[in-house]
Amino acid sequence: MSAQVPTSDLFRSEHLRRRTIVNKTIELLATVAALAAVAVLIIVVGSVVRRGWGALNLDFFTQNQTIYSGFGPRPASGVANAIVGTLIIIGIAIVMALPVGVATAIYLNELAPRKLAGVLTLAFDVLNGIPAIVLGIFVFVFVVVGHGQAAWKASFALAILMVPLIARSTQEVLALVPISMREASLALGAAKWRTTISVVLPQAVGGIVTGATLATARAAGETAPLLFTSALYSADTMTYDPRQPLASIPMFIFTSAEQADPVLHEQAWGAAAVLIGIILIASLIARGFADRSVRRLKGER
Amino acid sequence: MSDVNYSTEIGAEKQTEHAAPEAAPEAAAGLAQAIDPSLLTAKPPAETLARDRVFGIENLTASYGGTPAIRDVSFEIYQRMVTAIIGPSGCGKSTFIRCLNRMNDVIPNFKTEGRILYYDVDLMGRHIDPVGVRRRIGMVFQRPNPFPKSIYENIAYGPRILGLKKDLDERVEKALRQAALWDEVKDRLKRSAWSLSGGQQQRLCIARCLAIEPDVILMDEPASALDPIATTRIEDLMHELKRDYTIVVVTHNMQQAARVADMTAFFNISKGGEGERSGVLVEYDDTKTIFTQPTDPRTEDYVTGRFG
Amino acid sequence: MTVAQERSPGPAALVRRGRFRPGDAVLYVVTAAAAFTGIALLVLISDEVLREAWPAMQKFGLHFLTTQAWGDNNKTLFGAKSFIYGTIVTSFGALLLATPISLAIALFLSELAPRWIRAFVAPLIELLAAIPSVVLGLWGILVLGPFITGTLGPAIHGSLGWLPIFASKPTVGSNMFAAILILTIMMVPIVSSICRELFVGVPSELKDGALALGATRWEVVRGVVFPYARAGIAAALILGLGRALGEAIAVTQVIGNNVAIHADLFKPGDTLASRIAGQYQGADTALQVASLVYLAVILLVFSLIANLAAQLIVRRVAGRHQIR
């Protein structure tokens, strides 16, 4: 026995219909926005691959840049010295940034009193937000003015950029190491420094590698710090001396884009493809490491 | 087959014990009339003395990703009564009650079989919009969950969504009075809801639910996170509210069921053919019968504390 | 002597040189030094940059901020007005476009999309953030620019040309509009990924409470999710803005590097970061160098303000939501 209730319009009303339309519209707009973002990605990466593919031949990777005057047959030209230059600059940057980043993370996570750690972390977060061009100007003013450009000075600028990233990533991993492990080591009579170096740090290696890789990926694409520290473009010889400015991939792309030469454009696209490829691989490696180390640390609980 | 036991006569007796509510439904009807004509006819007239069925659950099976949480549940829930759902943990009580207002829809891989009739409408029907269902069938949760807004804005949230922007102050006051919270908060309506105590927050959530004038109020262990005094106030509230609303309450506390409920449904865990455990309805009856003269031995074991 | 007495050193050995161990001291000093480089660098950067800009600051004072010139009067007059204008227009223009798009994407990835789509789309959007600015600039010059002059610009000018910002048809692909679009593309992944984490972090019991009152998904978002996450959203937007303020490379490639100030977005312009980058081939006079660094000082101030604001909001939010 049920009450007399007209059931057909029990759950409907004009107002509900309108609210449902509004809801569906918003859902549609959100989907469109996400698809648009993916579309932009595909368009940009697609352009890079499509337009740069043709430039990726053997000469590209083995020949240095050459200056083409526009007359006569075009000499073989590539970005070999830019690739080498980037590797050297980034390599030196990692050597500068990694110890500082890891040491910072150890101090902030293991040794510092809470309030001090908060202030210092804030400082690094603010440092992280300083535009790369300002960092470039800083290094320019600090060591370049009066002395000349050099690859290691570019590395210095990039290292400033990398330290906050490495420190944060290392800190996150250190925080995952269970306190019980530290206590066990201390209970055995090991000193704090030994506990930190021999017990805690090895657990965090995965996170450190992740941070270093991500920082490298980020630094490899930065052009602004290079402008005032190692802005070599038309080098047609291979140089390795970090006390001189060296060519680099970002600088190559940056300056080639402004030239009116379509062959240079194609090479710029090719270099961009190489750069994106490096960054993509580095990100995947970093993510793989991150998952593995986090899983290991969480599993060992 | 299901071992459901319930008797019709006793339920009908229970219904006539409650005097037909006087002013409340007329006021509610009047208020409803001012808003939306369809709401007016949706609330059944108070004069019917016979025990009116609100929910008719027919062979309800609900599963998460293939594993049934409750199997083949069938019974009826009647108007303006408190119906308690009791049983050991894991017997699917919460799953069941969340089916009644389609809250399980938000869980991925959730499926139901069977029917849930709300008056004459199958709630599981394809053309039924859960948003409309939840407007008529409200829910209060185990842990109080007021929004990060002021007390006033918490209550006003529901009516605002429905477009009932006029007379908001009156609505808020009425809801708070119905939830027995008005006197305690009337001077601090603009303060954050999070500044209230646990018991007050739960009554606020009840008021929030009442503000949209539902037909049914579902309560999923509403007092389990509260201290004994706050619990008592919630239970008193249930007694008052059942004059106007149909209340279904899940509780793991048998004594609470004995105190507040008119009808009680006992769910238990049962092992299926392949050994999977799911909840089934064992017995459904007038509360007094369930606790003093249960028909099923499993019920008797549970209410005498032999397990659970 | 028993074996036990031989094995373990007596109580005297337990008393070492107090609680001080050289190893600990070394670790402490080394790591603390590293940790303090953060503050040290902030101070050093500010100091060096101010010092080098000082000649220009002395010569032009605060008029620098209101002078529209660069190298006029035979390279004796420099001013930042055009670049401050350009920075504000491009950054806030990008913010205007990026805010609804980022929020929509964050909603899509946290509330609306089925799980498998989320797993697919989220990394793609993060990849967008990883594209180096020089590559985006390259794309901006060679692909977006022609598109703006050929298709998009005329279309917008045709329909909205009565607005002063779209008053002329773009003749060159390098203009403020291109810069705004590029900056939007850079801001969206950053802001949307932060917002997505915020939305996911809204307690489900709050959302359930709203749903149980018969709210539609959008009403739950508008009434519960957005208010709950509102401070975090503000911080995300400010962080995105800071990023846009400081972007030099991609902007300088597409903005046209012009000192003129126009309301029209289809005309070229310049920003602080972009003008600094444009000087890399060598500033001729010491005054030009000092003025260039003066620009960097202004940019540093802007970005420090934006960054500090965002960081402080984040810290306040983290504290508040722990109290319940």
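By written order: A, B and C. Residues from 1 in each chain.
In the analysis below, contacts are C-beta pairs under 8 Å (C-beta built on N, C-alpha and C of every residue); 3 or more make two chains touch, one makes a residue touch a chain.
All of these numbers come straight from a predicted model, not from anything done at the bench.
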Overall pattern in which the protein chains touch one another (line/ring/star/complete/other): complete
Chain closest to the middle, measuring from C-alpha centroids that were averaged per chain: C
Pair of chains joined by the greatest number of C-beta pairs in contact: A-C
Separation of mean Cα positions, chain C and chain A [Å, integer]: 15
Chain centre separation (chain B, chain C; CA means) in Å: 50
Geometric centre distance via CA averages, chain B-chain A, whole Å: 53
Overlap residues in chain A, where contacts from two or more other chains coincide: 19-20
For chain C, residues contacting two or more additional chains: 216, 219
Residues of chain B engaged with two or more neighbouring chains: 131-133, 135-136, 161-162
Residue numbers on chain B that touch chain C, as the complex places them: 101, 103, 106, 108, 131-136, 138-139, 141, 143, 145-149, 157-158, 161-162, 194, 205, 208-209, 212
Chain B partner contacts - residues on chain A that touch it in the complex: 1-7, 9-13, 15-16, 19-20
Residue numbers on chain A that touch chain C, as the complex places them: 19-20, 22-23, 26-27, 29-34, 36-38, 40-41, 43-45, 47-48, 51, 99-101, 103-104, 106-108, 110-112, 119-120, 122-127, 129-135, 137-138, 141-142, 145, 160, 163-164, 191-194, 196-197, 217, 220-224, 227-228, 231, 250, 253-254, 257-258, 265, 268-269, 272, 275-276, 279-280, 283
Contact set on chain C toward chain A in their complex: 21, 23-24, 26-28, 30-39, 41-42, 44-45, 48-49, 51-52, 100-101, 104-105, 107-109, 112-113, 121, 124-125, 127-128, 130-139, 141-143, 185, 188-189, 192, 216-219, 221, 239, 242, 245-249, 253, 273, 276-277, 280-281, 289, 292-293, 296, 299-300, 303-304, 306-308, 310-311, 315
Residues on chain C engaged by chain B in the complex (per definition of touch): 114-115, 203, 205-206, 208-216, 219, 223-224, 227-228, 324
